[in-house]
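Read the structure below first, then the notes.
Letters A, B and C name the chains as they come in the text, with residue numbers starting at 1 for each one.
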Amino acid sequence: MKKLIAIVLTAAMAATLLAGCGGAASSSAPSAGSSAAGQAALSGKVATNGSTSMEKVIGALAEAFMMENGGVDVTYDPTGSGAGITAATEGTADIGLSSRGLKDSETGLTAITVALDGIAIIVNNNNPIADLTVEQIKGLANGEVTNWKEVGGKDAPVVMIGREAGSGTRDGFESIIDVKDSCKYAQELTATGAIIAAVAANENAIGYASLSAVDDTVKAITVEGVEASETTVQDGSYKVQRPFNFVVKEGAEQSAAVKAFIEFAESKEAADIIIAAGAVPLAK
Amino acid sequence: MLQNDRSPRRRLRDNLLRGAICVAAATTVLLLVSLIGYIFMRGLPYISWELLSTSPSALRGTIGILPNILNTFYMILLALIIVLPLGIGAAVYLNEYATNRRFVAIIEFATETLAGIPSIIYGLFGMLFFCQFLGLQVSLRSGALTLVIMILPTIIRTTQESLKTVPESYREGALGLGATKWTMIRTIILPSSLDGIVTGCILAIGRIVGESAALIFTAGIGAVIAGNIFQAMSRSGGTLSVALYVYVFERGKFDVGFAIASILMLLVFGINLLAKFAKRRLSR
Amino acid sequence: MKIKTVTEKVMNTVFFACGIVAIACVVIITGYMLYAGLPAIFKIGPAKFLFGTEWASTAAEPKFGILPFILTSVYGTAGATLIGVPIGLLTAVFLSKVAPKKLANAVRPAVELLAGIPSVVYGLIGMMVLVPFVAKTFNLANGTSLFAAILVLAVMILPSIINVSETALNAVPPEYEEASLALGATKMETIFKVSIPAAKSGIAAGVVLGIGRAIGEAMAVMMVAGNVANMPELFTSVTFLTTAVSKEMSYSAGLQREALFSIALVLFCFIMLINFLLNALLKHKKGGR
């Protein structure tokens, strides 16, 4: 026991030291003149706040951007699309991240689409179903289909797992499948990863999740014969998709760092990073 | 007579009750043992130096919890720095200055009330008051200020208890020698109640380490290492407990979750041992 | 001399200010909860809000009825109390009256550890072990349920009940028990007919403390209850008052967001009620001695 505590404490202290070194290293980077565009070294803070589905994309973009501009500090708060838009409105964040379009009530803001996201329909790996039509998905979601054998599967009850009200993914799924306000959920979870985990744990489950987050613990089915992939999302043949938006306040003063980050996110260079993060860059 | 009293029925009932008591106690202990055993079994194998010493990288797809470890330390430090003067001051006021019994009762009731408010309410209040109203954003300092209110009752209570154990003769002696009240408090009262204050700190640390609901809305779940503690204060930072929630419930990374849970359990062990040690010194 | 009196006065004020902080916090928190929570209640209509059975906050025609949440919280807490109190009370009796001192000293740290386990860890275990177990045992398609939440809460409130009850049992004057034993009562009869009744207000305080903890728990419950706004049934996915707030808060906007603060206000009222009850019980105990 005592030994373990000692090890943990030592590790923590070492970690603190390391962190100190790390900070010193990164703050000295701009003086080395690593700015790729050849402009004066940028500095300052870019606070982003919003959609949890955009976590991977924004994490990768921020990491790459900060590698090039050591003096800039890009922070990300995965609070949710609604909170991100609110933060942009109130000015508590430089960029709000929204995985849905702006609502009519959300005025005074500009949405910049930086990427697209396919919403994968996922089932348990042991589920023999491989393809569903939009109509079948609708039935499964709104409770008209309660047994998998009705859509060609095993004789087992359907467990529909989805996101909580207000989520961009839920909004996207429900409006495309046309089950708005009529979904019958067995579980409502608050994040993409939670849904994947829940579907992976339950043989009878069906759920939806951002394509960028889907891994091999679950099976993404094809919708009307079209597989969810980068190409099919980009050309629009995979129907269940939605935009990833940067939301900024109209007419607000933006720092050079914020402007540069937005430009970077829209650039060709960023497209590869967006792909690496599992999302789909806009067709150029 | 006596044998008549201890009739078989009575003895049976006695044994049944004794059995029930032992079963209940055994259940409690078994629960704990199996909980801890399960956590360590699933978690300890995944604790690696890499996990403890790196930041998560979206580009490389690796997970590290160093930022969360640092955030936990910063959070403890910041919260204690603010709460200690307030809590000790309040305890001194209650024990040494206050003369109006009614007023003391009101303060004590307020303290009890604070202790009874659940952390989710603190989270919402902190979000409204510190993050939005005071404009501190979702950041470590907002989280720390929220925690200050949460742990204030603990500090007040333990300090007050140890102030009560300072013999009245000390006070009379000091005042008799011509010391003013403040000098008496500074030189006699506070030093002799140091053990109680330390116990309070340890209990408060335990509470901070385990807290999640109050911090998610106030300090966020950021996992990037800041250059120094001052930078860290103004940005979002998730503590270990928050990271556990995020990794498990939002991303479905159960191995990391169990690893963090193991670390948290080791911390709780350590904190309990320290508290016991401090209490023993206090009672001496 | 003058500087000294000034210092005296300043320190006097500083300490007074510290003393006020706790009161100020309670007042500000209460004020903010009312300020944030009341508007939506009146926009929706108090009766519709409190007794509406349907919650569809983002529907085209949103419905803000929180009766399902209130009932779930009440049932969930009642269930947890029903399971937690007997086990907790009997464990307290074990520690205070039955166990040899050495054994009690070995068990007590276990209870303290149980109290120190973060709620997310309870949630993790609940999600990974309990939920699949419930689904298998009761042959359900989906294990996240009120029942799973009750079990998790029951374990979480154990330490509060045990600690407070044990303190109360220890405070029973030994003369009471000695007298009972001398009159020929067995040890068990003495415990259940003399010690427990004598400690009843302390035990009640422990139970109320446990209830407060159960009704206010958010994270652990969130991970096992399924979070669908159903009217509570033992084996369906349910939403508690706490989870209703934390689940939708991050994505909420407009009236939905305001209504979430109203839910928090309802929860706050429950908590204040419990606080007053607890205070009365503790005072009663002090007065009784």
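Note that in this section a residue touches a chain if its C-beta (ideal position, glycine included) is under 8 Å from a C-beta of that chain, and two chains touch if they have at least 3 such contacts.
Everything numeric here is computed off the predicted structure, so don't read it as measured data.
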Pair with more cross-chain C-beta pairs in contact, given B-C and A-B:
B-C
Looking at Cα centroids only, farthest away from chain B lies chain A
Which whole number of Å gives the spacing of the CA centres of chain A and chain C?
35
Where the centres are mean C-alpha positions, what is the separation of chain B from chain C, in Å?
17
Give, as an integer number of Å, the spacing between the C-alpha centres of chain B and chain A.
34
Which chain A residues touch at least two other chains?
52, 79, 189-190
Sites on chain C at which at least two other chains make contact
222, 246, 249
Hunt down the residues of chain B that sit against at least two other chains at once, touch-wise.
248-249, 254, 269
State the interface residues of chain B toward chain A in the complex, per the touch definition above.
49, 52-53, 56-59, 66, 69-70, 73, 131-132, 135, 137-138, 220-222, 224-228, 231, 235-236, 248-254, 263, 266-267, 269-270, 273
What residues of chain A sit close enough to touch chain B in their complex?
1, 4-5, 8, 11-12, 14-16, 18-20, 22-24, 26-27, 45, 47, 49, 52, 55-56, 59-60, 62-64, 73, 75-79, 90, 92-93, 189-194, 196-197, 200, 213, 217, 273, 276-277
For the complex, give me every residue of chain C touching chain A.
56-60, 132, 135, 141-142, 144, 222, 226-228, 237, 239, 246-254, 256-257
Inside the complex, what are the residues of chain C that reach chain B?
4, 7-8, 11-12, 14-23, 25-26, 28-29, 32-33, 36, 86-91, 93-95, 98-99, 107, 109-114, 116-121, 123-125, 127-129, 155, 158, 162, 184, 186-189, 191-192, 209, 212-213, 215-219, 222-223, 242, 245-246, 249, 261, 264, 267-268, 271-272, 274-275, 278-279
Per the touch rule, the chain B residues reaching chain C in their complex are 2, 5-6, 10, 13-14, 17-18, 20-25, 27-29, 31-33, 35-36, 38-39, 42, 85-90, 92-94, 96-98, 106-107, 109-114, 116-121, 123-125, 128-129, 149, 152-153, 156, 180-182, 185, 206, 209-213, 216-217, 241-242, 244-245, 248-249, 254, 257-258, 261, 264-265, 268-269, 271-272, 276
